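As C-alpha cells, here come the structures.
Below are two complexes that have subunit A in common, paired first with subunit B and then with subunit C.
Showing the complex of A and B:
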C-alpha cells in the first residue's frame, strides 16, 4: 500500500508539467497580491490628496478672509472686521485640523483617527429616543442604523486592541459594509467605492482572498493539477491502468493509493497557495493582527428589513477564530469538490473539461441556496458570518450543517468513485 | 482550404463543440422561458416597490399630521406644506400603481416621473424617501428618453423585448466565462496534437509553417464565429417570434458608463463588431500559446490564469476601449462610452498579426526526433 502510494507520488513529481503548473499558479497568486497592493496604494494616495485638497481650500479661504479684513480695516467697517476675523479664525482652525488628521494618517497613528471617528459616530449609532438618527452618506444613500452600530463597535474594539485598519477610500468614517444597505445604481457605486477595503498586511490579504471565493477556486485548480491520477492512465493513448491489473495487486489498495495521492496533492497545493501570498504580504507590509474583529450577524428578528436594521444584533469574533473555522470548512469542501471531480474524471478524460464542468456545477449549485444543498456553502465567508442567513431568510444554513453536508456528500461521491472503479475492471 | 476542412473534422468529431452549441441553444431557450414567466412577477415586484414607497411616505405624513394636531393649525406653515406635499406624492404613487396594474406602460412612465419630481421636492424638505436623489434623476432621464421613443420600460434582467433580451443573452455568454469555455473547447483538439505527437505527422507533409499556422487559426476563428453567430441568431429569433411585438425595439436606450445614452441597436452592432475582433485575437493567442508551450495542460492553465487576472483587472477598473483584451468582458467594454473606438479594433488586428507571426516563427522550431 505504502509503496503504491509512493509510486503514485513519484509519477506526479517526475512530471515536468506538475512543476510548471505549480510555479505558474504561485506566480499568479503573488502577482495578484501586487496588483491588490497597487490598488491599496492608489486608494491611500487618494485619501492623502483629498486631505491636501481640503487644506488648500481652507488656506485659500483664510487668505480671502484676511484680504477682506484688511479692506474692512481700511474702510473702518467694524461689523465687517469682526466677521472677517471670525471667518479667518475658522478657516485657520480647519487648516490645522486637516493638517493634524493628515499627519496622523501618514504616520499611521490610528488611535487619534479612531477616537475622532468614535466621537462623530456615537450619537448616530445610539441615538436617544427623540433624536433624528438619519445618517446620509455621500451620494445621498441613507446608512442604516445597523451599519452605524457595527462600525462604531468595530472601531471601539480596534481602538481598545490597538489594531491597524484596512485601507479605505474616505477621510471621514471608515464604514464597515454590512448586508443591510439596499442601494441601487450610482448610489451603490459611490457606497462601494467608499467602503471597499484593501488589506496590505499578509493575514489581512488572506482574509480578503477568502471573501472573494479564493478557496473553492484554489481547490478546483488543485483538482486540475493533481486530480487526474486515475483518468490520466485510462485514456485511449495511455492505458497504463491495464498494466496494474495484470500485477498481483489488491485493486482496492490501488484505488485508495491513487485517490489519496490526489487528495493529499490538493491539500498540499492549497497550503502552498495560502502560505505563499501570506509570506509575500508579511515581507512587504507585516503580518497583520490576528485579533482583528470579524463581524458575525446574529440573524434577523422580524420579517421587515427596515425594522431589522434597528433591532438586529451582531457580535465580533477574532480573525484567528475565523481562520481556524475556515480551515476546517476548507477541508470538508476540498473532499466534496475533489470527490466530484474524480467521479467526473472517470467518465471524461480531459482535465480542463472536467474543471469547467465542476466549475459550472458549483456555480449553478450556488444559485439555489438550501440547507441541504452542499454548494450553498461554497462562499465560506458568508456562511461563517451568517450573511447567508439574511440573504435567504433561513437560519438553518449554519456552519456545522455545512461541514456535515459536505462530508456526507463527499463520502457518497467517494464510494461512487470506488464502485465505478471496480466496475471498470470487469469490462 | 482542405486543411481547414480537416481541422474542422477533428473539431466536430470531438463532440464537445456540438455539445456546447446545443447547450447554448438550450440555455437561450431556457432563459427566454424564464423571462416569459417572469413578466407577471416583474409587474408585482414593481407594484410592491411603489407600495413600499407610498407606505413610507404616508407614515411620515401621519406623523406630521399628529404634530400638526398638537400645535394647532396655522402655527407652522412649513409643516402644513410638508403634509400637503406628502399627500400629493402619496396620491401620485397610488395613481402610478393603478397605471402599472392596468398595464398602461407609457402613462406609467409619465406618472413615475411626476412622482419622482414630487419625491425630490419632498427630500429637499428634510423628509425621507427610499430612493436617493441621484437614483431618481437617472430614472427620470431614462423615462423621458423612453417616452420620447414611445417604448415601455423593461426590466433588463427579465425581458422578452427582442433587443433587451439579446443584450441579456450577450451579457450572459460573451464574458470571461463564455469566451474561456469557447476557446478551450475549440482549441483543445489543436493543442492536443502536441501531446499525442500527431503534429509530427504533418511535418512529413509538404505544408509550410505559415500555411499550417494560418489554417489552424482560421479554422478556429470560423468555429468561434459559428458559435458567436448562433448565439445572436438564436436570441434574435426566439425573442422576435415569441417576444413582445414592438415597432422599434432596437431604439431602446441604454446608459453608458458616462451616463449618456446609446440605443440597443448601437449596443448590439458594436458588440458584434468588437466581439468578432476579440475572437480573432483570442484564437491567434491560443495558437501562439500552443506552438510555444506544446503542452495541453500548461496551455490551459496559462490561459486560465490570464483570463482570471484579466477579469480581476477589468472588474477593478483597468478597462478601456482601446485595450484589445478589455473585450473579454464584451458588454462592459462596449458600454464604456457612446462612440466605438476604432483604435481598439486596429490594435486588435495588429496584435493578432504579431501573435500569428510569432506562432509561425515558433512552429519552425520543429524538433524532428
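Showing the complex of A and C:
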C-alpha cells in the first residue's frame, strides 16, 4: 500500500505542471496580499490626509478668526473681538485635537483612539430612549442600533485586550459592518467604503481571506492540480491505469492510494496557500492578534423571525476559536468538493472543464440554502458567525450540521467513486 | 498425465454497442511456446488480450490463466502483459517504472539493472520516458513485462514500429523466453516477423478464434552467427544439415525438436554461437486462405 502511495506521489511531484501551477498559485495569493496591502496603505494615507485636511482647515479658520479679531480690535468692536477670540480658540483647540488624533493614528496608539470612539459611541449604542437610538451616517442612512452596539462592544473588547484594529477609511468611528444594515445605492457605497477593513498583519489577512470564500476556491484549485490521479491516466494519450492493472495489485488498494494521494495533495496545497500569505503578512507587519473578537449573531429575538436591531443580541469569539472551527470545517468541505470533483473526473477527463463544472455546481448550490444542502455551508464565515441563519431565517443551518452533512455527502461521493472505479474493470 | 492449462477461454463474449468483437470464443492452450494472435487491423486482437488480462470486462464467459481466474489480481505475479506505450508515464524515468514494478513483485533492486542490461536500455534508464524514442519505449515495455520472469506473457503488437536492431533484439528476447519455458501470446499483423518467431498461429476472424499448428506444413530455419564461419559450415555439412549461407550467416533447415542437438554439435566443435534466429515461412499463404488475398 505504501509503495503504491509513494509511486502516486512520485508521479505528482515529477509532473512539471504540478510545480508550475503551485508556483502560480503561490505567486497569486502572495500577489493578492501585496495588492491588499497597497489598498490598506492607501486607506491609511487617506486617513492621514483627512487629518491633515482638517488640521489645515482649522488652522486657516483660526487665522481668519485672528485677522477678524485684529480688525475688530482696530475698530474697537468689543462684541466682535469676543466672538473672534472664541472662534480662534475653538479652531486652535480643534487643531490640537486633530493633531493629537493624527499622532495617535500614526504612532498606532490605538488605546487613545478606542477610548475616544467609545466615548462617542456609548450615547448612541445604549441610549436612554430607543427612539433616539439611530445614527445618521454620511449619505443619510441610519445605522442600526445593533451595529452601534456591536461596534461599541468590539472596541471595548479590543481596548481591554490591547488588540490592534484593521485599517478603515474613516477618522471617526470605525464601525463594524453587520448584517443589520439595509442601505441602498449611494449610502451603501459610502457605508461600504467606511466599513471595508484591511488587515495588514498575517492572521488578519487570513481572516479576511476566509470571509471572501477563499477556502472553497483554493480547495477547488487544489482539485484542479491534485484531483486527477485517476482521470489523467484514463485518456487516449495516457492510459497509465492499465500499467497498474496488469500488476498483482489489489484494485481496492490501488483506488485508495490514488484517492488518498489526491486528497492529501489538496490538504497540503490548502495548508501551503494559508501558510504562505500568513508568513508573508507576518514578515511584513507582524502576526496579528489571535484574541481578536469575531462577531457571532445570537439570532432572532422575535418569534416571527425578523431582525430586531434593538433587541437581537450577539457575542464575540476569539479569532483563534474562529480559525480552529474554520480548519475543521475546511476539512469536511475539502472532502465534499474533492469527492465530487473526483466523481465528475471519472466521466470527463478535462481538468479545466471539471473545475468549471464543480465551480458552477457549488455556486448554484449556494443559492438554494437548506440545512441538508451541503453547498449551503461553503461560505464558512457566514456559517460560523450565524449570519446565514439571519439570511435564511433558518436556525437549523449550523456549524455542526454543516460538518456532518459535508462529511456524509463526501463519504457517499467517495463510495460512488469507488463503485465507478470498480465498474470500469469488472463490469 | 497432468496438463497445466496455460490459457482457458470459455464462451467469452465482448460486444461494443452493436458490434460483436469477440463471439463465444473457446480456447485452451495446454502447451508452452510462442503463439501468434493474427488478424487484420481492427479485428479485435487488442480487445481480446485486454479481456484476457481483465483490463476491460467481458460481457460473458470465463477466463482462466494458469488455472486461476483472470479476476484474481494475484495471477499477475506470474503473468505479464506488454501493452502499447500509452501506459507509460512520460514524466517518470525508465528506472521509476521498473522500480515500481519490482516493488510490487517484491523483487530486489538488482533485478532492475539486470533486466535493463538484458534489453539494452541501461544507458537511458535514468532519462524521462517523455524523451524516449519509440524503440526505447518498446524496450522499457519489454523490460517491465519480463522483470518478473513471467510464465505467461501477453504482447500486443511487440514487433510494430521497431527499427531493425530493436526487432532483432525483440526476436532474441522472445526466443530466450520461449527456451526458458515462458508461454508467449503475441498479437501481430506482421506475418514476416511472426514467421521468424513461431509456427503456432491463432487467427481471429469475425470474433472467432481459429487455432493453427503449422508444424507439419511449414519450413523452419534457424539463422546462426558463429565465431568461426568456415568451421561452422564444415561441421554442419558433415552432420548432414541442409544449409545456405548469406552475409556470414548460416541458415540451417532444422526442425524445432532437433535444434538442441544441432546447437550441441556446433558447440562441441569449439565454435561459439553469437546469435541465433528462428524463421518459419508459410504464414502468408495460410493468412490468405483465411482472410482472402490482401491488396
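Note that in this section the second predicted complex is superposed on the first by the 419 of 427 C-alpha atoms of A that agree within 3 Å, B and C clash if a C-alpha of one lies under 4 Å from a C-alpha of the other, contacts with A are read in each partner's own complex, and residues count from 1 in each chain.
We take it that a contact is a pair of C-beta atoms (placed from the backbone, for glycine too) under 8 Å apart; a residue touches a chain by one contact, two chains touch by 3 or more.
The shown structure was predicted, so the numbers you read here are calculated from the model rather than taken from an experiment.
J.: Subunit B versus subunit C on the shared subunit A, clash or fit?
T.: Pair status: fit.
J.: After lining up the shared chain so the two structures overlap, which partner does A:250 touch, if you call subunit B first and subunit C second: first, second, both or neither?
T.: The second partner, subunit C, only.
J.: Touch test for A:44: subunit B only (first), subunit C only (second), both, or neither?
T.: It touches nothing on subunit B or subunit C.
J.: Using the superposition on chain A described above, determine whether A:87 touches subunit B (first), subunit C (second), both, or neither.
T.: A:87: touches no partner chain.
J.: Given the superposition on chain A, which partner contacts more residues in subunit A: subunit B or subunit C?
T.: Subunit A has more residues touched by B than by the other partner.
J.: For A:64 in the superposed arrangement: first (subunit B), second (subunit C), both or neither?
T.: Neither partner.
J.: After the fit on chain A, how big is the angle at subunit A between subunit B and subunit C, using C-alpha centres and going to the nearest 10 degrees?
T.: Here the answer is 80 degrees.
J.: Applying the touch criterion given at the start, work out whether A:11 contacts subunit B, subunit C, both or neither, answering first, second, both or neither.
T.: Touch partner of A:11: subunit C, not subunit B.
J.: Under the stated touch criterion, which partner chain does A:242 make contact with: subunit B (first), subunit C (second), both, or neither?
T.: Second partner only.
J.: Tell me, in angstrom, the smallest C-alpha to C-alpha distance between subunit B and subunit C in the overlaid model?
T.: Between subunit B and subunit C, the shortest C-alpha distance works out to 9 Å.
J.: Which residues form the common part of the subunit A surface touched by subunit B and by subunit C?
T.: Shared contact residues on subunit A: 237.
J.: Which positions of subunit A touch subunit B when the two form their complex?
T.: 17, 20-21, 24-25, 28, 31-32, 35, 39, 134, 139-142, 183-187, 217, 221, 224-225, 237, 350-353, 356
J.: For a test of understanding, state which residues of subunit A touch subunit C in their complex under the given definition.
T.: Residues 3, 7, 10-11, 14-16, 236-240, 242-243, 245-251, 425-427 of subunit A touch subunit C in their complex.
J.: List the residues on subunit C that touch subunit A in their complex, please.
T.: Touch residues, subunit C against subunit A: 50, 53-59, 71, 73-77, 79-81, 83-84, 86-92, 96-97, 100-101, 103-105, 144.
J.: Along subunit B, where are the residues that touch subunit A in the complex?
T.: On the subunit B side, the touching residues are 16, 128, 131-135, 138, 181, 184-185, 188, 196, 259, 295-298, 300-302, 304-305, 308-309, 312-313, 316.
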